[in-house]
Amino acid sequence: MRNIKYKLMTLAGAGVALAMLSSPAAAEVSEEAAFVFNTFSFLVHGVLVMFMAAGFAMLESGLVRSKNTASICLKNIALYSMAGIMFYLVGYNLMYVDVGSYMGSFSLLYNPSGAELDLINADEASDAMVAEVVGNGYSVMSDWFFQMVFVATAASVVSGTIAERMKIWPFMIFVIALSAVLYPIQASWTWGGGFLAEMGFSDFAGSTLVHSAGGWAALVGAIMVGARKGKYEGGRVHPMPGANLPLATLGTFILWFGWFGFNGGSQLALGSALDAAAIAIVYVNTNLAAAAGVVTAMILTQILYGKMDLTMCLNGALAGLVAITAGPDLQNHFIAIIVGAIGAALAIFAVPLLDKLKIDDVVGAIPVHLVAGIWGTLAVGIFGGGSFITQLTGVVAVAVFMIVTSAIVWGALKFTVGLRVSEEEESLGVDKTELGLEAYPEFGQGSLKH
Amino acid sequence: MRNIKYKLMTLAGAGVALAMLSSPAAAEVSEEAAFVFNTFSFLVHGVLVMFMAAGFAMLESGLVRSKNTASICLKNIALYSMAGIMFYLVGYNLMYVDVGSYMGSFSLLYNPSGAELDLINADEASDAMVAEVVGNGYSVMSDWFFQMVFVATAASVVSGTIAERMKIWPFMIFVIALSAVLYPIQASWTWGGGFLAEMGFSDFAGSTLVHSAGGWAALVGAIMVGARKGKYEGGRVHPMPGANLPLATLGTFILWFGWFGFNGGSQLALGSALDAAAIAIVYVNTNLAAAAGVVTAMILTQILYGKMDLTMCLNGALAGLVAITAGPDLQNHFIAIIVGAIGAALAIFAVPLLDKLKIDDVVGAIPVHLVAGIWGTLAVGIFGGGSFITQLTGVVAVAVFMIVTSAIVWGALKFTVGLRVSEEEESLGVDKTELGLEAYPEFGQGSLKH
Amino acid sequence: MRNIKYKLMTLAGAGVALAMLSSPAAAEVSEEAAFVFNTFSFLVHGVLVMFMAAGFAMLESGLVRSKNTASICLKNIALYSMAGIMFYLVGYNLMYVDVGSYMGSFSLLYNPSGAELDLINADEASDAMVAEVVGNGYSVMSDWFFQMVFVATAASVVSGTIAERMKIWPFMIFVIALSAVLYPIQASWTWGGGFLAEMGFSDFAGSTLVHSAGGWAALVGAIMVGARKGKYEGGRVHPMPGANLPLATLGTFILWFGWFGFNGGSQLALGSALDAAAIAIVYVNTNLAAAAGVVTAMILTQILYGKMDLTMCLNGALAGLVAITAGPDLQNHFIAIIVGAIGAALAIFAVPLLDKLKIDDVVGAIPVHLVAGIWGTLAVGIFGGGSFITQLTGVVAVAVFMIVTSAIVWGALKFTVGLRVSEEEESLGVDKTELGLEAYPEFGQGSLKH
């Protein structure tokens, strides 16, 4: 029998469980075990989120044309790397250390706690040393690792939108600004204990702080850099289909897989029955919202366009995931289905709207991360997880900050080093001109001949 | 020194370990810690199984022709989504709640336990509230999550077999029937505590309940929908090679990776030394059986065909994995090698047999999941894990049920909405006709010109 | 607020944590819980390392030409399988059981401990049985699983270097020798407690024992088998670009993902606050070194060649990872950045050097695994993790052993069955001649026409 209830009830029947319950020490999770659980949760969930970098890379590789594929691969691994280094050097302290209402401390470097180093380096660990470390509840660097992969996600949102026409180095400078300063400051308002936290703004794993923050940066970037040549020529929208849809599918699955870390780890603890049960609820909601996003996209594209659209269905999954990210801890799973479905629907309706505005978003990151991110954050207010007005305030505050600051950075880059490759380079493909190579040198028409 | 024994013996020598053993409370896993371990095992292993959906998607994407690639991607993400929603709405209760001999309860929705919600929502958690939650042994939704990814696997088995000629929506209706009703009912007989469990039928992680159940549904579907046009023309078998073998390889590796969750998590507990040691044995057997499957396939295809066949070797790994799934807890690892090797051999011999019967299985799912699944279940009886007759009874019972019920569903679809695209659509490729796009629009001959 | 400190301080403030600390039994991790943590760490981290096999497969699939892609896929799944079986049959005992100064015991088979089997099979588990199992500190087969995936990694290093011209079966025989005998003997010197361990040689997760050991085998193999036809024709280096760079990018991300298991699991324990905190430090250093490798490669290739090179940046990440592997436990994260950056720089400079020597390394495995592996091992001596002379001694000892023994094996193969396909077969591509198929039969020029 695989129904685990029977197995455990038998144990209980044998008196084992009841006997243990009568001994409080044995019934509880010891403080040191909770430390290990909490730390391991940060690490395991953090690794899942880290793998989302591969998911973004594959999604974007599949949705750009082959002549720009190698560049988007490079941008993805480069942004993950750069974001990690900058968040180490500057970002973490700015987001979490001595946070006032609006930001933390501008200081270089973050290191393991002295207590942990003392314990690790001691010839003999005294009880007091262990107690000092354990008193923190989790290893400080495991928390750093988990927070670091979030800033990389925010940066990943940007790369897909502005693909196929932006130069690599200016993009890297934007990533530096985003991960070192922009993201940490706005995130400190909520997760660092700043003014939005004090207002009661609620964003469990970052529909607003990660996804819509990245989405605003992408939107401003898309406007600043302009549409791809030919995309809106002659007043019509010219589709520029991605070169490799199985890779885009793989990327979506990897993101979905990683999202269990993104949302599950955001419980920030695993060391008690309450935390473990809460994480399980988060996993289930995360999965149901994404699933609802896919089914919604299938039905909607079938109705709207007469045919199902694979790319829309992939983005439906992602929009469902982004939408549930602000409140995956809600306890009615049915609502998770609704939140995911509406998130996907909004993302699908946002695609033609962006085209009408001639905002060229190569992979659909703005509908998915910005639109569904806003929806998910507001949904927390609608479905009883907080005040709607407060949720709206948080959304607007982050929006204003990200629009203004990213406009400054994009603008400064545009009017100095320039954002965009030349028309000829764009025609040839940025792989050829920026990297001097082709992503698929042997396949068919090849990228050089487009 | 990396030999961990030395490290821990040193600790023991210092009297630490011995002292702890003399204190029973400190030596045992507390009941709440066991709850956390059990729950986390469901979640971590469940996430690995979830990623198998990506593995199936890549395996099938790589083994179909390019003109049908986007459709198989869509089917895979759609079936995972739909199966998850249906198992939430209907399937779980039918499989696990109030199971009599033949099925559970037909009731909508499954929610976290009230005790867990009370604990999560309490301003202050009382000992009694914690004790009530902890008394269940694991979080109920973590169990739901783990069981849900299994039904998705069963549905994935079907999609590859009937690729390249079946319409998407009828396939989706079959997935709904399979995940809401067919799979849960037959699985309840064993894992829900029904009549096969009472007989002593043993299927650790589902060689029969998941893989051969899916395999029977695929077999009936393949017969109902018929072979691809041209496959058996003129009395000969015409190979239709897959378009992207590295993706098929990736898919196989992802499935292997996920299978540690599939089999390891099926121990259903991690909260004791016994459970942890048992899971370790499961991991090792799982890996050895798959490895033996690959080596067997290499040697056999070299002998039979004079050349090694990559696709057969990938399927050899999968057949080894399917075969060991019924009994990965056996304690002689040598037997795992034998079970995996024979599973792969049987799968390889089944391929020409299916062709002789003109049953067109695009990716080889029937040899891998059905044939090796039956073998693995019987092997438990052969190698001392249960009565052979009981094992055979279980195999036959599931076979009869799945053949009859899936024939009813496939048949109802065939004679109403129809299963198959038109001949012209099949020629053009279902990507073009069902989705209106191409998976690889820029590569070479392109899917449209085949 | 997401700043977990607040949450836990509140708990502590409520007296819960302090009360528990005053009860030593409740404050510590019980011995059985530590057993579960340690075992689960081996399993979870081992699964991550297992997935590196997929990473190598994708990296190499992307970097070879399309006409040799299916063969490299087959080699990768075959080597992982064969290495696992041989390490089970022979390698583990040779590496860990009754190790003298130079090797362990030549005996077949490794099985779970009798104590664990007794516990698993007991009708009723006595305290004494549990205590005996728990006294070992971890499940023996979880350790086996974790060590097994390392030998597979060493074998993976070889396959890429000698791609596109070596026959499959001779390669498989080399893998058997490597995983059954060569790798275990040299690894026993350090991790089995042999003479290098006694000298104090330090190699945390195997910069030398895994990566440079595999690298030496690859170097000797590359020399023995010779360069690809045309690679160094006319005294010039002719680039032979890989066919699928997104797959190479995916492979790199998978390797990076798996490396958290590789380095994190090498702490060999998770069952205490000290171990958990140490693993967190390892994760952070692993990530920073890889990130520094990418950024270094971007800057260096921009400066040296005027354009960034995607392949070099991917190898920069890997070189950073290899370099930090000997000492990811160092406590100054800034040094991790430096170690990774220098590792990447050395790997980049090694590429033209190898070309000057006409050593044809298809995927750059020698620069990445051998050169950065040596650097990382020496860096431990430079940055205070051990004596530089001892580190150098270990590097040289492994070098001498691996060069001599792998030369014997490669040589014996060369002068009996032969290593290399015929010139005509090489022209046609080994997929066609060894496997009788194409990896991408529909794409463009197709592999047959090259």
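Lettered A, B and C in written order, each chain numbered from 1.
Keep this in mind: contacts are C-beta pairs under 8 Å (C-beta built on N, C-alpha and C of every residue); 3 or more make two chains touch, one makes a residue touch a chain.
Worth saying up front: this structure is predicted, and the values here are computed from it rather than measured.
**Student:** Fit subunit B onto subunit C over the CA trace and report the rotation angle, somewhere between 0 and 180 degrees, nearest 5.
**Tutor:** 120
**Student:** Examine where the copies subunit A and subunit C touch and state whether the two sides share over half of their residue numbers (same) or under half (different).
**Tutor:** different
**Student:** Give, as an integer number of Å, the spacing between the C-alpha centres of subunit C and subunit A.
**Tutor:** Measuring from centre to centre gives 29 Å for this pair.
**Student:** Show the residues in subunit C shared as contacts by 2 or more other chains, in ascending order.
**Tutor:** Each of 24-26, 28, 30, 33, 44, 244, 250, 440, 443-445 in subunit C touches at least two other chains.
**Student:** So in the complex, which bits of subunit C are touching subunit A?
**Tutor:** 1-8, 11-12, 17, 20-21, 23-30, 33, 37, 41, 44, 48, 65-66, 241, 243-246, 249-250, 252-254, 256-257, 260, 264, 270-281, 283-284, 287-288, 290-295, 298, 305, 307-311, 313-314, 317, 331-334, 337, 440, 443-445, 447, 450
**Student:** Flag every residue of subunit C that touches subunit B in the complex, lowest number first.
**Tutor:** Those in contact with subunit B are residues 24-26, 28, 30-33, 35-36, 38-40, 42-44, 46-47, 50-51, 53-54, 57-58, 61-62, 69-71, 73-74, 76-78, 80-82, 84-85, 88, 96, 99, 109-112, 116-117, 119-121, 125, 127, 130-131, 133-145, 148, 168, 172, 190-193, 197, 244, 247, 250, 266, 268-269, 434-446.
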